[in-house]
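Consider the two complexes below, in which chain A is the common component and chain B and chain C are the respective partners.
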Partner chain A sequence: MKSFAGLAGILVLAIVLSPTASDGSRIFLQLGNLTDVLRQISVIGIIALAMTFVILTAGIDLSVGSTLALSTTVVAMVLTHDFAGMGYSLHIFVAMLAALAASTAVGALNGAVIALLDIQPFVVTLASMIGIRGLAKWLSGNANIDIGFGQDVAAAFAAVFRQKSVVIGSYLALAVVFWILLGRTVFGRQVRAIGDNEKAGRYTGLPIRSLKVWVYSLCGLLPGFAGILYAAENHQGNPNAGVAYELDAIAAVVIGGTRLAGGKGSIAGTIIGTLTIGVLTNMLRLNNVDSNVEMMIKAVIIVLAVAVQRQRGVE
Partner chain B sequence: MKYGILIAVALVAVGCGGTSSEKKQLFVAFSQCNNAEPYRAAQNALMTKLFAQDPGVKLVIADGQQDNSKQVAQVETFIRQKPDLLIVAPNERAALTAVMGQAMEAKIPVICLERDILQPNYTAYIHSDNMAIGRQAGQFIADYLIKKNGTAKGKVVQMRGLLGVEGEIKRDRGAKEIFAKYPGIQVIAEPVADWIQAKAKDRMTEVLRAQPSIDVVYGHNDPMAIGAYLAAKELNRDKNMIFVGVDGLGGTAGGIKKVMDGILAATFVYPLCVDKAVEVGLKLLHDPSFKPEKDYTLPSTMVTPENAAEMYKKFTVDE
Partner chain C sequence: MPDLLHVENVSKHYGGVAALKSASFSLWTGEVHALMGENGAGKSTLAKIIAGSVKADSGAIQVDGRAVAITSPLDAQRSGTGMIYQELDLFPHLTVGENIVVGNLQYRERNFVRFGEIDAFCRPFLDQVGLHRSARTIAAELSIGQMQLLAIARALSMNARILLMDEPTSSLFDDSAERLFGLIADLKQHGVSVVYVSHKMSEIFRISDRITVMRDGETIGTRKTSETNADEIIRMMVGRELKAGGRKDRKRSSEVLLSVTGLKTSKLKNVSFDLHRGEVLGIAGLVGSGRSELGAALFGVDQRESGIISLRGNPVAPHSPRHAIRLGIGLVPEDRKLQGLMMQMSVLENSTLGVLGRLQSFGFLRSSREAAEAQPLFRELALKYSSEDACVSSLSGGNQQKVLLAKCLMASPEVLFLDDPTRGIDVGAKEDIYLIIDKLASAGKGVIFVSSELPELLRCCDRILVMREGSAAAIFDGANATQEQIMASAAIGEGASG
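The block that comes next holds the complex of A and B.
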């Protein structure tokens, strides 16, 4: 794996540069810190899995951050709504289902417009990035919806879904599912085929339109699920959550070696890309690097990562 | 054909505009710099509520989306509409100064809300004082440490807002002015969390990993103090430190509720300034002889568990 070398390099740096705790151990290597990193990357990581599929079709989805915000808002609204007599588990289930349905509908709509009206994905998802943000803010009246600070159904929801094991476990499980979906199924092969050469795909009878609707629906579903985790972790439905998350997700996919022009790429690469950013961020912050400098360093790393892969690709 | 439809739509729109002016209603235009911040959403809600009590007033709110040029364009459009009163909460001082001057030249009364501009291009400026709030918060923290440790000695973590913004600079400077008087108070970490609860939680988690002992977390706004609390709670360290915030919004998602719930030890109300603005605005609309003061500075209120319930009632806007 070409991008693996980059991750390994940053891991070594993170270990070497790590400040030490009072007992002399390296803070970076503490189990708590390592799981912090995994938890912190999970939200972007989950979105990046679906983004990989979209980019493989030579598409892009700019609306994932807004979709995440919509999902946090919907799940919080349903959780704080009083359904007389409904049990906790059913209430939580309904809230999650509503959030997932809303966000999947956004993805399906993106896919349908892209496939049926034949408009560029950039334009369609740019429009829904704006429109869905508006919807989330309209639903919540611009306000955050606090959940789970008391002893109620929302507290029970947050207690379960903010647990590190649940968040990291969900990311791992979804990563495995998407890895199999891309690498071991007909659907995955067809997704790659569209990105490689859409015209050829059409001549060979690929169901291009329905494939695209499916891919973009997944790219609504996963940010929707990430939104549920976000709401639980931060105890809030936040219509302003997830601004610029689409760029973080795209960066992870690109660092992982997936070609923006479609056709070539892998889920494993995306996971490595996500980890690379996560470890880098943690390393810089444990060393108290100025937040503005952090942005500059990240910029350099992104370009370097892609350039290195290019070089090797040419050889 | 397309253009035909557009023109038809435009004509209908103009037609509607023409008929609605039969009954003279006072038109109040409010240019808000960014609806996305909870503080500003609360301002909008309170202003809508207060102006709704006067049936002769029609209020329109435009959202500048934290973008200077968008807000300038919106104010320009408002000037064309000749409102009876223009209220502007400027996104940044330099950018809005000129356009607010144009409104004054057009003989529109202008209220400048909360943030100042470079020249006094307004009828009245209504604001609070972040420096004073920073000092109040700093003094509260010093007093708490004296009570806890006998002397003003202890470790403080600051959660900073967006760097370079007036509120962030002054809430920081005011508190540090007080800390400077007590050499025993150490600021051991000041991560930047851009006012956002989710970011504050992540930044605080890293601070907790590196710092075995922390006495006080001072968030430059309540959401960041709450984010820090969530991080500490997860590591079972929330009982070893207190959390102090600023903003003190009412409502279930506001900081005052968090003081009532024992999550924040204190918050300092950053006044919405809206009640004063509406009061001054209505006088400007209805009383031609009214001469407002140029500058109204509104004091902050400290909210602690003792007065939280009372303040919650006072600062919550019913929906």
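The block that comes next holds the complex of A and C.
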């Protein structure tokens, strides 16, 4: 695993540069900090899982950030709506289902337009990035929908879904599911195949259109789920959430060694890419590096990570 | 007199694999020097090193007795070397003229494109190669044969004294090949030396002065063409005796498997024929005559405008490859890299891609079943592979073709359309493909075999259908037809039909 070396390097750096606590231990290695890293990467990590599939088909999805915002908005709207007599569990279930349905519909629409009208994914998802952001703002009246800390259903929802164990657990579970989906199923094999050579895929009789609709639907579903976690974590539905998340997710996928031209890549790589960014961010923050400088350093790391992989790939 | 080009102990490794172990040969001024060898022997790698598109690991190259360091195509151009690649390296969306002048040291480029100047610069070279198209034509509009002429014109315009041609006739039909041979003879007269990479014994003996044979990345030896014969060259190429099989007559059934009547698409005018069970039907025709387009129509790639396609007496209307496969039609496409294989996937993954439906349970792949179904087929096709998980791009052309054939056969089609399956593959693999075609016919399949090489059609086919300008021009009996008859029918429409 080529991208693994990059992660190992960043890890060593993070440990060496870590400030020490009063008892002399390194703060980076404290359990609380390590789980913080995992929690922080989960939202982008979940989106990056689905993005891996999209990029494997030689596509791209720029609309995931807007889809996440739509999801936070829908889940908060439904949670704060008063359904007389509805139990908490059912209410939370309905809210989540509505958010997932809305975001999956966005993905399916992206996929359908890309597959049926044969328009470049970049263009289609750029359009829905704009349009879905508008939809989320329109639905919420351009305001955040607050989820309180009281005793109501919304607060109960947030209390469950902002727990570290729930957030990290969902990421890990989804990572395993997507790892199996890509590596062990007919669907995963066919996804890689059409990204490798779509024309040959057509001559092989693969259902290219429906595969694309499925892939983009997944790339609506997972940002939708990430949006639910986001809403719980931040105690609000936020139509302005998730700006530029698509770029973070794409960065994680690319650092993980997936080819932007399609056909080659892995979920394991994407997880490593996500971890690399997460550890890097944590390292810089522990050392109180200015957040603007942090972005500049990240930019360099992204290019370096891919350059190192390329070097080895060429050999 | 020093050699014009002298290559000494050149080697090239990719990863741990030696593409070229040690190659040495010399080229005299004004000669046509053939480089022969099976696929994977290192001919193309050697040619690409001389042309500067691949960098050698070690070895020396001299031009005119002086050592030259060729590390880029520009270096090669300066030393007077031009290469005509098998996959023609043109810019499809630029014009003919722009293709010629881009990166051309003989043409002084300016900040703005001046089409008038380009026209004037290109015309003599286009005339010399016999490409009668305007220099302002978009390259993508040319036929493959014309694109090749363009590539040659470009090399000539760069003042090339050494012309490397990699399998130049692999995509040409005999008449374009004739023109090419005439052109080569003409170039020779003008002092241009040609390194001619090919598998085709007949052309080599016709046009070359000397032959260098390569095997397993090494140059085995050089012979004067006039002092050797095909048997010796084949022995040197394969390192063993290879018996060229003769024509074998089959009993074909009277049952009509596939019947096509008045088929018309946007690219076909009028095609009618019957294919019997157990028959090999050859398709001959010039490039652009509608050979591949017939496959596209039968396979549901091109939509049918009128006409009837019947399978076992039932009219069918294949509207997509997926549908055609379900009807029992298989197609091995002409361009295995573009239309056939997933070049980043493994041998096994490629071969089973079309039939994953039966190799799964609940959507999960059953890898043991996958291997169990593929392996017998690989053995039957005499596929040579290091591991079934090896990337298909690591295989030689002939073996890639077999993987493609395996993918098609996995779906057990009754009718097979093989579009130029022996294009650019080595002699040994060709023999294997002929054997497979024969086996398929004996097993009661109907095989349609498209080829640009008439001898192989005459050897393998029960009947040969000649295509001309989108229509079926004539049908010949494979046992009695001659190359001359078929050529005449394909080119000008003379010759008996029936």
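We take it that the second predicted complex is superposed on the first by the 314 of 315 C-alpha atoms of A that agree within 3 Å, B and C clash if a C-alpha of one lies under 4 Å from a C-alpha of the other, contacts with A are read in each partner's own complex, and residues count from 1 in each chain.
Note that in this section contacts are C-beta pairs under 8 Å (C-beta built on N, C-alpha and C of every residue); 3 or more make two chains touch, one makes a residue touch a chain.
Computed from a prediction, not measured in an experiment: that's the story for all the values here.
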Report clash or fit for the pair chain B and chain C bound to chain A in the combined superposed model. fit
According to the stated criteria, A:Asn197 is in contact with first (chain B), second (chain C), both, or neither; which is it? second
Between chain B and chain C, what opening angle does the Cα centre of chain A see in the overlaid model, nearest 10 degrees? 130
Partner chain(s) touched by A:Asn33 [first = chain B, second = chain C, both, neither]: first
Of the partners chain B and chain C, which touch A:Ala143 in the superposed model: first, second, both, neither? first
For A:Pro19, select first, second, both or neither according to whether it touches chain B, chain C, the two together, or no partner. first
Looking at chain A, does chain B or chain C touch a larger number of its residues? B
Just chain B (first), just chain C (second), both, or neither: which does A:His81 touch? neither
Smallest inter-chain Cα gap (chain B/chain C, superposed on A) in whole Å equals 26
Can you list the residues on chain A that touch chain C in the complex? 184-187, 189-190, 192-193, 196-197, 199-207, 263-264, 315
Provide the residue numbers of chain B that touch chain A in the complex, in ascending order. 35-36, 38, 40-42, 44-45, 163, 189, 191-192, 197-198, 201-203, 205-206, 209-210, 212, 223, 226-227, 230, 234-235, 251-253, 257-258, 261, 263, 319
Chain A to chain B touching residues, read off their complex: 19, 21-22, 27, 30, 32-33, 36, 40, 137, 141-146, 149-150, 162, 230, 233-236, 238-241, 282, 285-286, 288, 291-292
Chain C - residues contacting chain A, complex: 15, 299, 301, 320-322, 324-326, 331, 333, 338-345, 349, 353-354, 356-357, 359-360, 363-365, 407, 411
